[in-house]
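Take a look at these structures.
Two complexes are shown next, each including chain A; its partner changes from chain B in the first to chain C in the second.
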Partner chain A sequence: MLYLYAIINRPVTPLPPLRGLAEQAVQCGERGDIAAVYSQYHGAAPRIEVAQLWRHEAVVEALLDRHSVLPVRYGALLADEAALTMLLRERYDRFMAGLARVAGRVEVSVRVLWPATPVVSAPRPAADENGRAYLARRMAEEQAREARLREAHKRADALHAVLDHLAVAHVRQVLPHERVLLSAAYLIPREALDTFRVAIVALGQANPDVRLLCTGPWPAYHFVDGE
Partner chain B sequence: MSASPVSCHPAAAPAHPTQPLPAPSEEDGLPALQHKVLHSTGDPTEFMAELERTCAALPQRINADPEGVERGLSKLVLTLIELLRQLMERQALRRIERGTVSDDEIERLGETFMRLEQRMEELKVIFGLEGEELNLNLGPLGNLL
Partner chain C sequence: MREHLLAERDVTLLDLLDRILDKGVIISGDITISVANVDLIYLGLRLLLTSVDNLEAMRAGGPTLRAASEQPFHALPSEVDQSSALAQRPSSAAQQPHRRACADAAEARDRS
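Take a look at the complex of A and B:
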């Protein structure tokens, strides 16, 4: 089988020497102006493990300096080189469009933690709670949940507005978990990295009650066509 | 576009034997992540704890052993039942807010949803599932529940 790392614009020179998962040499298969980067793979489907994920990431990042890169999600396997040929033939135009979209751009991740709300939990239901009391309790919990959601969107929108104008695209989730106010990825021109960092620092200073974590630059994982 | 078939060639030049990449920490995600931090206003371990929670909710590949499959399927089924229960309950609360439900109906609906919630708690105990486990991460759409 073949383990797939990325689709790149066709390399003019051979790829740098790299080893990928299971210490297999990284290779590329070309078609037209694009190439698929892969290594041979044997055995069961790769499990989700930190070291393996970083190995995948290291291969993809090693390509970033000299290529436009469409990163492939961890764990993608192809049956053989014939399947690789078919993949590149069938999706050639989409890959070309995707490579044009990410050319010269990198992904930056932003996570924002906000204070955990002391849950104003209604007292646990009494053993003899009746139906009306149950619904009244649930109504209060639901109203508290919706108020928290409204507040989260208001705060997240304000933070996002500062960063969004620096980006050419974004994906974001508001309150994916109780403590995570915002989880977002921004596709930015590589040369805008410092400007983005300055904006993040300013956001942190202006919002001392939240915790900000900004990481990058990453391959554009969130801006690749899902297929 | 070239019509030539895929040409697969070894990436490494013969004069340069392939080398392992300088992988960050093989065991701990935090040191590996630190070289990617552009800015942080807090203790990164706080974020790691949240990240681990997120990863725990990511869909793993189906475990093919019988016990794993049974647990995975029961989790999926209970999640869907819980989704339906919550949707029905919220619909009932909306109707009550609009004042379109009689007192008798409120009592009856409340009894029904209360028993459903109790039954769900019992089923979670039977299948060894915690409340937080009954959820599905829908990517950009957020969590199911």
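Take a look at the complex of A and C:
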């Protein structure tokens, strides 16, 4: 079987001597202006182990400097070279469009942590709480939750606006977790990395109550749309 | 510094898992990851997030740490003990993605 890492644009420059999963040599299968990067694979399906995940990622990143790269999700196996050829033929136009979209661009991850607020602590219901008091208490809890949500969106929008200005595309989630105000991925031109980093630091200095955690550059995982 | 290393590694791993298991080109019919395994991984994600929270709590009462963000964006902080960093990562240098750094604005702020 073949284990697939990425789709890249041609011409393929000589690949560095990479070893993929199970120490197999990394190879290319080409068609027209694109190529699939893979290695031979035998045995049971790849397991989810951190070392294996990094191995996949290392192969993909080794391609980033010289190619446009569509990273393939971990765990993709094809039966043989014929299946690979069919994949490239059937999805040729989509892969070409995807490669054009990510050309010269990288992905940066941003997470913004903000202080956890204490759980809304409405007064404990009295033993003789009547219906009216109960409803008032529930309403107060709901209003507190809504206020928190409004505040989150307001803060997240302000932070996002600064970073989005430097990006050509983004995906983001506001409050995916009680402690995470914003979780976002930005697709930025490679040459804008330094500017982006400076913007992150400046945002942190201007917003002392939050922590910004930023990693990158990554292959454009969030911007390949499944292809 | 050890806590700093741990957090950086955790956040980067969190971001890797978020991408490599859930995003990217899908080869339909050939996805081999079982649902049970993915569930385990996402349980792991929550634990990682918790460890970041814990780190912050420790830092609040601890010494100021060096700002990773003052280092090149795609390099390990030079102050980090490279040998121990590698010890916690995949075994072969060839496996190492060349970029692994967190720009942590909070730390930059602490130093200023």
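Operating definition for what follows: the second predicted complex is superposed on the first by the 199 of 227 C-alpha atoms of A that agree within 3 Å, B and C clash if a C-alpha of one lies under 4 Å from a C-alpha of the other, contacts with A are read in each partner's own complex, and residues count from 1 in each chain.
Rule of thumb we're sticking to: a contact is a pair of C-beta atoms (placed from the backbone, for glycine too) under 8 Å apart; a residue touches a chain by one contact, two chains touch by 3 or more.
Just so it is clear, the structure is predicted and the values come from calculations on it, not from any experiment.
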Next on the checklist: If we overlay the two complexes on their shared chain A, which of chain B and chain C does A:72 touch? Say first, second, both or neither.
Outcome noted: second
Checklist entry - What is the contact status of A:56 with respect to chain B (first) and chain C (second): first, second, both, or neither? => result second
Checklist entry - Taking the superposition as given, does A:4 touch the first partner, chain B, the second, chain C, both, or neither? => result second
Checklist entry - Touch check for A:224: first (chain B), second (chain C), both, or neither? => result second
Checklist entry - If you stack the two complexes on chain A, which partner ends up touching A:138: first (chain B), second (chain C), both, or neither? => result first
Item to check | Which of chain B and chain C A:99 touches, first, second, both or neither | outcome: neither
Checklist entry - Counting only touches as set out at the top, which of chain B and chain C does A:188 meet: first, second, both, neither? => result neither
Checklist entry - Regarding the shared-chain residue A:28, is it in contact with chain B (first), chain C (second), both, or neither? => result first
Item to check | Touching partner for A:166 - first (chain B), second (chain C), both, neither | outcome: neither
Checklist entry - chain A residues touched by both chain B and chain C? => result 18-19, 45, 47-48, 50-51, 54-55, 58, 111, 113, 177, 179-180, 193, 197, 200-201, 204, 210-216, 218
Item to check | Touch list for chain A against partner chain B, complex | outcome: 14-19, 23, 25-33, 36-37, 45, 47-48, 50-51, 54-55, 58-59, 62, 81, 84-85, 88, 92, 108, 111, 113, 125, 129-135, 138-139, 142, 171, 173-177, 179-180, 193, 196-197, 200-201, 204, 210-216, 218
Item to check | Touching residues (chain side chain B, partner chain A) in the complex | outcome: 1-2, 4-13, 16-29, 32-33, 36-44, 46-47, 50, 53-55, 58, 60-61, 89-90, 92-93, 96-97, 103, 106-114, 137, 140, 142-143
Item to check | Parts of chain C lying in touch with chain A, wherever the complex brings them together | outcome: 11-13, 15-27, 30-33, 37-38, 40-41, 49, 52-53, 56, 67, 69, 73-74, 89-92, 94-106, 108-109, 112
Item to check | chain A residues within the chain C interface of the complex | outcome: 4, 6-7, 18-19, 45-48, 50-51, 53-58, 61, 70-78, 87, 98, 107, 109, 111, 113, 116, 177, 179-180, 193-194, 197, 200-205, 208, 210-219, 221-222, 224, 226-227
